[in-house]
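Note that subunit A is present in both complexes that follow, paired respectively with subunit B and with subunit C.
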Partner chain A sequence: MIVYILRRLGAGLVLVFIVTAITFFLTHAANIPVANNILGAGATQDQVAALNAKLGLDQPIIEQYINWLVGVLHGDLGISYFTSEPVASGIAARLPVTLSVVVVSLIFTLVLSVILGVAAASKRGPLDVVLQGIATLSFIFPAILLGIILVYVFAITLQIVPAVGYTSLAESPSGWFASIILPAIVLSIAGIASLAAQIRGSLIDELGRDYVRTLRSRGISDMSILLKHALRNASGPAFTTFSLLFISLFGSALFIEKIFALPGFGTYAYQATIQGDLPVMLGVTLFSVLLVVIVNLIVDLVSGWLNPKVRVS
Partner chain B sequence: MTTTEIDNIAAVSAPEKKRSGVIRRLLKKPLGLISLIVLIVIVLLGVFAQFFSAHDATFTSLQVVNAPPGTPGYILGADQNGRDIWARILVSINVSVISGLIGAGVATLVGTLFGLLAGYVGKKTDAITSWTFNLLMTFPALVLVLVLSPVTGGAYQATMFIFGLFLAPSTYRLVRNLVVGVKNELYVDAARVSGLSNRRILSRHVLYVVRGPIIISVSFLATAAIGIQSGLAFLGVGSTLTPSFGSMTSDAFINVYSYPLQLVWPSVVQALLTSALILLGNAYRDALTDAERPTRAERRAAASAAATRTRMVRARTAGAPDVSSARSLLTVRNLSVGYAQTDGVLKSVVDGVSLDVAPGEIVGLVGESGSGKTQTAFSILGLLPPEAQVEADVLTIAGDSLVAKDSRELRKMRGSVIAYIPQEPMSNLDPSFTIGSQLVEGLMAGMSRKEAKATILQLLARVGIADPERTFASYPHQISGGMAQRVLIAGAVASRPKLLIADEPTTALDVTIQAEILDLLRDLQGELGMGVLLVTHNFGVVADLCDRVVVMRNGQVVETGKVRAIFHEPAHEYTQQLIASILDENTVRTDPAPHSDMRELEETK
Partner chain C sequence: MKYTHGLRAAAAAAGAVLLLAGCSAPSSSPSSAAPQTLNLSIQAPPTNFTVGDWSGGDSTLFTSVYDSILKTNVKGEATPGIAESWSYSPDKLVLTLKIRTGQKFSDGEPVDAAAVVASLKQTMKEPSYSAQLATISDVTAPDATTAVITLKTPDASLLSKLGGVQGGVGAPKVLTAKSSSLDPVGSGPYTLDKSATTAGSVYTLKRNPGNWDASSYPFETVKIRVIQDPTASQNALKTGQLDFGGVNPDQVSQFPKSQFTTGTSLPQAVGAIWLADRDGKIVPALKDVRVRQAINMAVDRSSIATKLVAGAHGTEQLVSPTGAAYSADLDKTYPFDVDGAKKLMAEAGYADGFSVKMPSTVVSQAYDATIAQELGAIGIKVTYDTVPFQDFFAKVYGGTYGLYFMYNGFSGDDASDLNGSTSGAFNPYGTTTPELTELLAKANAAPADKQGAAFGAVNKYLVDQAWAAPILSSTGPWVTTSRIKYTPPVTPSLNLLPFGVAASN
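Here is the complex of A and B:
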């Protein structure tokens, strides 16, 4: 088991290495006028050259990469060109914001899609139509617009929650929840329909299996068969979808943050991208891929645990 | 918000069979036609933007800053920089359409190409490409698209190209799975035998099948690409000079509380564009599946035929005489089972079957596969799917009529009076629960958990399991097929049923174990005094175990009688054939695989 986890982590680190290397070379070869961005339009050539030398941007790209890599291996992600804030602490400050929204949104998605999926699998007919309708609507309706409408109704008109900003969980749990509930709802919309459809499909497959008939032959109630036996067996494939959902929600969160002015990972990444803040861009990439690797590993371990064949042996 | 949804959508789309008329069907659907018209109108507005607007999209005029809709020359008003909103919308259409085309185009080309290769060429190619695309799917695509956007100098086309690569895995998986499915079908084998080259097989057969689902997925891919482009522009990534729905939304967002209408226009047009795309995709999928499904008139006929359908058994005639004798345990008179076909015609699989089982009697229900014997058994158990239409004059177990009982009452009978042993032991145990927990569950209605556990442990020992405690705590995959069948027998007799229905209980087992299981059944039957209805295709088993036999063919009973009598003087020709098929065998207990007379012959050699 430990060997398996280590092997998976090893493969994950290779992935992190490859993706960050590609990002490094692409962004450094793109000739983003970093020094000009920092110094402003009026900078002289000498000033630009001096700054480039100071930042190490005048060195050969391979050398720059090795410097960066050595730094990363020592836990040093570099310093933002623009704010002089270490990238590591910048990420540490912003990741919790985005993860809060994503995790709460995942919980919404999971609860609602299980309810919808189970209902649709056991009733079929009209609920199927409703589910399809939700799926189509969630695809069409711009999430950005939904976000703006929610802010307008709940934050401006009803004033139930703050319109913008983030309160940390440690500071005030209720304030934390109020500050992320709207973004989490907006983020959930796209995932609910797709996960519900997945659960519905797997459940219908399971309900057609032999063991279901045998359980029924022993007089076991339809409720127990649906919610205990079929749902448990259907949870494997649904869980895999769930992990892909995490990745896509994490990506979508980048857009949602702007509407709610959340100081999250997306805002950080966006700022860095606009300015050409190379160390931050790389740090963001590194952490995103790391996060994906970790989530995938956790999902694999949980799906293994859900499947007795894997768990016991 | 991309891959999983497309997977679901693709799963719904059946491979097309009759393509002819799909386009016509699509245009006949109001939704399809309207979506297509809306889409064409929007695209044309974008293409001929300069003819429809009075100003250039980037022309600014301080006089019209935030002008309301209806201002002369500014139909939808002007934005905070005094630019014509209508003109900007028209140009934005082009940006969206091109984004959709690039994103969906790249994803479809790359995904289809590698999907075809992976599905068709060979295992190694498949393994490598599947690994790569699975990896690509787990990339944090949006972060990378965002971070890499400066690399391309802010051109949204290049960003969409990269995003298209990240979308490719969904198309890849769709195509690969379809191709693998088609490849395993007979007609491609036939094509290969007839000497068609690989390339021609790919293009003629495989592409033919994958075309429909690909077209459907394109509409979703394009929508995803349009959404992401608009999202990136909303963030402010990319060239600020190109007007797009995202940048318009972003501009309007700043003034949303003073000029909310400015936000509405780009959102509405973008929603129109994407909904037209999605609904067109949906309509096309419906048109494809409709080509396989019956027409509405046929469906209506089917619906009316099935109007009274219910899982419970219906009495055929009101006040049918109750002919069940007092000493009969199971009485079946004139039982019919039918399924409504897609064309509305009821297909009968059991037709007027009558049979009796006395208490303590073992009755064999014999016939080849498709003779309706299993359907008969399941209708007695009330375990047929809801689509089945079951009718009977009399269906009585231990004096209790099943006719017109609701599902709740039937379930109670299944837990106590009547029990079932399936054919395939492994697939009839829930793989996610321990053997103990699933057996105990069936007993929980009548006793405490502790009592139920004690009963099950005792029974496991009784059915010949060496270490009951250990088997109790095991998962189904940890025990052998023979043990699993013993477990299922224990589960069936746990409630002390009066009637046991065994459906080919030994067919899936090794020959050596078959005899043991039959012995076990005989012993248990004697101990518990159960009546047994033994469904089998094998006269050897009948001769070994049964008192009487009912022979079925094509859904009807052809002969009934004492086993000895029927063996000596089979009246019906079909019975004679069935008996003849075992007479060559050395032992009557050999129980070959079902529906294979050929294999039966081979095994006796």
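Here is the complex of A and C:
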């Protein structure tokens, strides 16, 4: 197992190297006038050249990349060209915001999709049709429209939650929850549909298998068969969908952060990309790839725990 | 085991619902009592706080943490700042500043003439401001309470600049230190509360009771959020999370008078087609004044101002309608007249028109189609290059375009507006004429009581010579929570002086 984990981590590091290298070279190919952007309209060519030299942008591209890699190996992700903030601090300050929204959104998604999926698979008939309809509706309903409606009702009209901004958990737990509840609901809406459909489909398959008939013949209750046996066996594919959802939600956080003016990871990445803030772009790319690698590793390990066949393969 | 997981998840969800039910309303509800905190927003975060490195746009944060040599009040007038008084030599080439005593930077060091000199010299070196302060030849401090600025040529906009970002004074010991980029050491009415600040997202200011003018700043705390999305800003305003914001005219009715105060800003900027290539290097036709005048006549200002931009007014001038240099008569120089414009084009030898490339930026997009259509009506075929805003000035300075649409913000005084319109990004090719040079020199050297007329002459010359094709000057409604008293300033987004506590609190 340890060898397996180390092998996966090694492959992950290679992936990090490749993706950050591609990001680095593509950004350079875009030829963004970073120094002009920083200095503004009044800059002369000499001043632009001086700033390029100060930022190291006048060095050969390979040398710039090696310098960045060496910095990373020493735990230094560089400093933002545009806010002068160390990139590591910038990520650390914004990550809790996005993680708060994503994790709470995942909890909503998990709870609601399990309820919908299990109810649809076990009851079938009209309830299945209705629940599938709800799931489909949540899939096609524009999340941005839902966000606007929720803000209008709960923030502007009822004023029980703030319309924008983030309160840290340490500052005020209730303020924290109030600041992320609407974004989390909006973010979870599409995920509920896909995960509920996955759970429903897998569960229907499991409930049709021989071992379920055997268990029934032994007098085990339907509820016990459903939750103790069938749901566990059906949870493998659903868990994979769930993990992909985590990564997808993390990527989707940008639009939700813009609607609710949350100072999160998505906005940080977006702003850096628009401005050509290379240290931040590389930092967020590095972190995002690491996140994907770690989440995938966890998924593989948990899938193995849920289903011994996966472990063997 | 699975039951346990499921129950925990269900319990977490139930707890969440209960927690939500227990959530109190946002702490800054519009109906609260006398405010201790002023909540504002900016669209883009500052690059850094180092003196001379402050990026353009909203200057509120900078002027809050750094006191400036002079101040600009809401009427746009230069008033005492770190310098409690000032005087010009008769030839207006030497400005002597008397520095206020007893002031301290947030690190405890005294604010003196040496600090003023060090800060101004630093700002003069930096690319963002070097062109604006190019008239200064030297700055000295004969003693601790006197600073002397020597000019190459008279500059009527100097006092205005010293009352803005260019006049910011920081502690000499850390003036250019790396730490100053996020940890400013100034003597302004506020200090940056680093513990409650996340660079790029939220900036929190704490009142500095030791500032000589602390009584002009009634709020203990000022929280400035970076909110890029206008809808999010308006939502925050409606819920009282923000105390001030600009809105569109059709949105004013969404803010009930019981909770909000509304008004209209003073003119904020002029939107113009800048006919920059007046020497005809890229677009030879622009060298001919008749072509430039024809462009002015081809633009239907009234239609653009009323149909494309809420709260705008058509204008043919580059100065603010509130300034002394503005003349209502000059707005009748180039009435919309396509046939007249065609005639001028023919006289200039361009009866068949010509083709030009213009940059299309986020600023110009709303006008691009109309401008292309109206110039097309007199034979000027416009094609657009899509240019990211951050690349715009680099391309303009690089000589890519002969003309372009852009806004120029009004600075609060005619001298700054006209000196700005004839230099920098609005005159990237450095074009001028002997007449303009002479008019500007006379206006900059004129006594204060005659500057309005002198800059009025500059303004008339620019209109007659069709220096640009101004289209509209923008104003717009503003909204504040009823706890706040807002006085619309001549120079918006410069400092916190327009914000006070409403009398009802």
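By definition in this document, the second predicted complex is superposed on the first by the 297 of 313 C-alpha atoms of A that agree within 3 Å, B and C clash if a C-alpha of one lies under 4 Å from a C-alpha of the other, contacts with A are read in each partner's own complex, and residues count from 1 in each chain.
Rule of thumb we're sticking to: contacts are C-beta pairs under 8 Å (C-beta built on N, C-alpha and C of every residue); 3 or more make two chains touch, one makes a residue touch a chain.
The structure displayed is predicted, hence computed values, not measured ones.
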Check your understanding: Aligned on subunit A, subunit B and subunit C: do they clash or fit?
Key -> clash
Check your understanding: Does the superposition put A:I274 against subunit B (first), subunit C (second), both, or neither?
Key -> both
Check your understanding: Which partner, once the models are overlaid, touches more of subunit A's residues, subunit C or subunit B?
Key -> B
Check your understanding: Of the two partner chains, subunit B (first) and subunit C (second), which one does A:K258 touch, if any: first, second, both, or neither?
Key -> both
Practice item. Considering only touches as defined above, state whether A:F239 meets subunit B (first), subunit C (second), both or neither. Key: neither
Check your understanding: In the superposed arrangement, which partner chain does A:Q47 touch: subunit B (first), subunit C (second), both, or neither?
Key -> second
**Study point:** Touched partner set for A:E85, first subunit B, second subunit C, both or neither
**Key:** second
Check your understanding: Touching A:F17, do we find subunit B (first), subunit C (second), both, or neither?
Key -> neither
Check your understanding: Which partner does A:A30 contact after superposing on A: first (subunit B), second (subunit C), both, neither?
Key -> first
Practice item. Identify the partner contact of A:Y65: answer first if only subunit B is touched, second if only subunit C is, both if each is, neither if none is. Key: neither
Practice item. With the two complexes superposed on chain A, say which partner A:I144 touches: subunit B (first), subunit C (second), both, or neither. Key: first
Exercise for review: Name the residues of subunit A shared by its contacts with subunit B and its contacts with subunit C.
Suggested key: 32, 148, 156, 232, 258-259, 274, 276
Review point. Across the complex, what residues on subunit C touch subunit A?
Key: 2-3, 6, 9-10, 12-13, 16, 19-20, 22-26, 29, 45-48, 50, 55-56, 127-132, 178, 181-182, 198-202, 225-229, 231-233, 235-236, 238-241, 388, 390-391, 393-394, 396-397, 424-425
Exercise for review: Spell out the part of subunit B that touches subunit A in their complex, as residue ranges.
Suggested key: 1-5, 7-8, 11, 135, 137-144, 146-153, 220, 223, 227, 230-231, 234-237, 249, 253, 256-257, 263, 267, 270-271, 274-275, 278-279, 282, 381, 383, 407, 411-416, 419-420, 422, 424, 427-433, 438, 441-442, 445, 475, 477-478, 488, 491-492, 494-495
Study note, to complete from the structure: Listed in rising order, subunit A residues that touch subunit C in their complex are 32-33, 36-44, 47-48, 51, 80, 82-85, 90, 93-94, 104, 107-108, 110-111, 114, 148, 151, 155-156, 159-165, 173-175, 177-178, 181, 227-228, 231-232, 258-261, 263, 267-268, 271, 274-276
Study note, to complete from the structure: Residue positions on subunit A within touch of subunit B in the complex are 15, 19, 23, 26-27, 29-30, 32, 135-136, 139-145, 148, 152, 156, 190-191, 193-195, 197-198, 201, 209-211, 213-222, 224, 229, 232-233, 241, 244-245, 247-248, 250-252, 254-255, 258-259, 266, 269-270, 272-274, 276, 281, 284-285, 288-289, 291-292, 296, 306-309, 312
